[in-house]
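Shared chain: chain A. Partners: chain B in the first complex, chain C in the second.
Now for the complex of A and B:
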């Protein structure tokens, strides 16, 4: 159940080649430099989507990831722009802060199931937006702008990574950074799902009462999972703030939270790598339909409904690859 | 026979309705004790009170002299009192073997993070889980269907899987909720033998709630009879069969229904 097959390794190698070599070559050849920004967004959004997928894995519909992304974005922005902390440290702090907040929120609301949990999480994004508007430290509606680019990393006087503002191509640097973090996130997610914690999550998804009868502290596991989920949300949000160099209360809205959830549906809830594919498809799909003008939303929505109707297990159920098969059935 | 589990004056009220009223009895080490009673007698409620899936209104349940009522179910399971469920409460989309492996949660020595990083303890655990699952499934006579999806099992085997999941936690006391319901006589006999061997070969004390009279008379060391939430009799199967109160209140006047 835990072994990695050679087929999976080859698939993973191809995937790494594609994002770190293939994409830069294609972009250099076509001259579509703007794709770097698009793909960086896909990478950071799919980190946040990975968190939502994980809450689905314990049978909770989470439409509140935007709240934690926004929290992460603000924490990182405040630390970097106001306190002069290194971006890399702020990235970690942003994730941890979002996780702590999610524990406080999760304690009362994770008892709820199904549509009741979903409804509460739907409100969270709006609540965080309103808090950001009201607090002095977040600068209200003006937001936090001119966030410095990430600095370098040096260890024992040795420079491992140069500061981003000294680089010739910041877009490429951001793309590589976001992609590495995305790969790490999904590796962690894959490992988690195939480890004992993942098996326990599956048992809870299927029957919480039975899970507790075999000695699983279901309340504790729910909190852990929600915290990990929000950690990913915080990381995604912090990356977003750094790339756009600004954060506003409207940076993540209820629509974004809904999109994070849709990414999971679209990619497939049964597949670890589903949310990544879902994010890519949803983000590019929306962009590609731009030419339709005022019919963009209509066509987009109809397509979404069709996909969910005819591929209820997501795009990956088309068997594009067994790589992402989660749960090790 | 010293008491392993003591039910002391347990009462449960749902609003104005008293489902279980001041019920007391003891379960001895390595005993099979059945709780019987007509529909609505409060058997299932009592069952949930003992496994702490419901909170008591008053009274308490003691296990090895310590109070276990009103604790969280997983804490009670950790102490060694584990319940099974009626009918189809299983992990539907897991295979039989996966279910028995995941149910060994309480046997785990490594932490959850240990499994994530694949520490030596965790790897040893995983190997031990697999071995114990195979051993347990062989004991239950389910080796042939180890890789079968739980939702594809026929009803008789589902019940056995439920018992296997319970056993995988290494319980001291196993609470069985209507283990023979909906079974034909042959399946019932097989399950009776199985439960008997769980008690004899594995040293597990068994408390079961059941409707099926012949099976109960066959399997039980002692029987407790409930009616309208109150205990009306307690004793060996033959004592219960000859108890006037039981015959009158629960079995009507027809002796043959008792299965003699």
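Now for the complex of A and C:
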């Protein structure tokens, strides 16, 4: 990769060590096994949030990621539970299917900007929920339940990964799987942002007409970006379906779409790792406040408002380090 | 057929009022107020408390709803939106704030009023029955009349009063209005309070018919967004048109499509997306709002 400083590499190494070694040790020491589920959710939700962040990167406010996450969850669930396809293949198909759908929908709606795009993507989430309720293959409001756990992967008779139901600790397996996918997603995102395509995206974020006038095919680029974004959404949704072993039309709703957007805002829109931090803060914060009972939502929303009131440009604007800064170095 | 039209007018009048408040706030501050539905719910609960619980006259309760929301709106604008708009690098940050306020209001409603569905006694009894062609309870007719009256009063206020003129100038061009000596900060607060007040007024009107509960906020916001999109964001006449169009679509859809199951809203959503693909700025909006 171009332009990686040793400081960034060390930071990345510490990060990997923390999530793959540090977290299991801490959890084993404290005995809070439920944190595995929380952290797995954080990992897969931040995959979907990464997609939202990418659409922000071309200057579009995307409140429709819940729609693509739901599509991904259903595609994977139907393939695994009804057609008996391996989960790993269904994961890829779910992402690709969400991407194809996003291209078809994106062709007309990506012409919209600002609040118009924001509002229509919000409506899109509602459309997908209603479609899931109406179609026969999605089983209506009852949803698809008891989805089998992911099977193993074997290549040329060599077993690379054992089936999940044969493992002693499924929670840990899911955690490791979601974390690996999350790391891969953010590496891809980081690579994309620092590539030629990333520079083009930044030019579009500032002024589409100007970008177009110097020969950028803006219609093509924004479709590509929206498709990648929805691919992440589909993957995140499919993982969610597999971990909770069930998918309902209410699995991803308008609230979830709004939350994906909030994750990006909270982490900071100018930073690649912003959505990851935002997801961790929002989801973990919500979980930790559970002990407050009925005051949970009150405290949570007050904290959220205080953060945005005093750090309107996101948590990472505190400059916790230069790692992951989206702009030029 | 007459029944469907009557239902359409009834639904359209209340929808138009919800959309008016949202579009006013958007036009003035470029803020997409996610908390609009929650403001509507609070308005309903205030009327429920004063008219349903304390037994005071309905008109007092309605006024209390308006005042509560106007004060709440003014406070939210003065202490939250105004500083955030000044301090943030991207104006979309206000969406995060609006969503946070929506959560906060939800939490407050839950703590103060509880999660139960609440209703109030009917304000007038009896049902209008015109030859079995239009059947409509009198209270619905009264509410519909009040809603249309409020819309007319609002338009008159915006057209002919000094405040209304300042607000329109602000919506058209903030800087130019400031140069002409309009106190921008003060009128932003007034405008936000007015938008919130409209939400509270609809809540107070509709609690007499549909009742009110905590879960009504989110769906109301989504419907309001749709109406604003149909008519064009930030345009007063567009919001009214959008409200009536959605009202009629819902009334006609429920009458025609009910045999195919519960797909009215699916059809409305899909036709809205097709419509926006052809005309992104809505019926009367400025391109790129």
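Criterion: the second predicted complex is superposed on the first by the 326 of 329 C-alpha atoms of A that agree within 3 Å, B and C clash if a C-alpha of one lies under 4 Å from a C-alpha of the other, contacts with A are read in each partner's own complex, and residues count from 1 in each chain.
Just so we're on the same page, contacts are C-beta pairs under 8 Å (C-beta built on N, C-alpha and C of every residue); 3 or more make two chains touch, one makes a residue touch a chain.
All figures in this text were calculated on a predicted structure; none of them were measured in a lab.
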Determine, under the contact definition given at the top, whether A:127 touches first (chain B), second (chain C), both, or neither.
second
Looking at the overlay, what does A:297 touch: chain B (first), chain C (second), both, or neither?
second
May I ask you to decide whether A:191 touches chain B, chain C, both, or neither, giving the answer as first, second, both or neither?
first
Pick one for A:23: touches chain B only (first), chain C only (second), both, or neither.
neither
Quick one: classify A:199 as touching chain B (first), chain C (second), both or neither.
first
Which one hits more chain A residues, chain B or chain C?
C
Just chain B (first), just chain C (second), both, or neither: which does A:215 touch?
first
With the two complexes superposed on chain A, say which partner A:309 touches: chain B (first), chain C (second), both, or neither.
second
Could you pull out which chain B residues touch chain A in their complex?
51, 53, 72-74, 77-78, 82-85, 89-95, 98, 101-103, 105-106, 108, 110, 112, 115-116, 118, 122, 125-126, 165-166, 168-169
Once bound in the complex, which stretches of chain C touch chain A?
26, 30, 32, 34, 80, 83-84, 87-90, 92-93, 95-97, 99-101, 103-104, 106-108, 110-111, 218, 222, 225-226, 228-229, 233, 261-263, 265-266, 269-270, 272-274, 276-277, 280-282, 288-289
Chain A contacts chain C in the complex at 61, 105, 108-109, 111-116, 118-120, 122-124, 126-127, 130-131, 133-134, 254-255, 258, 261-262, 265-266, 269-270, 294-295, 297-298, 300-302, 304-305, 308-309, 312-313
Spell out the part of chain A that touches chain B in their complex, as residue ranges.
1-2, 191-192, 195-197, 199-200, 202-203, 206-207, 209-210, 212-219, 224, 329
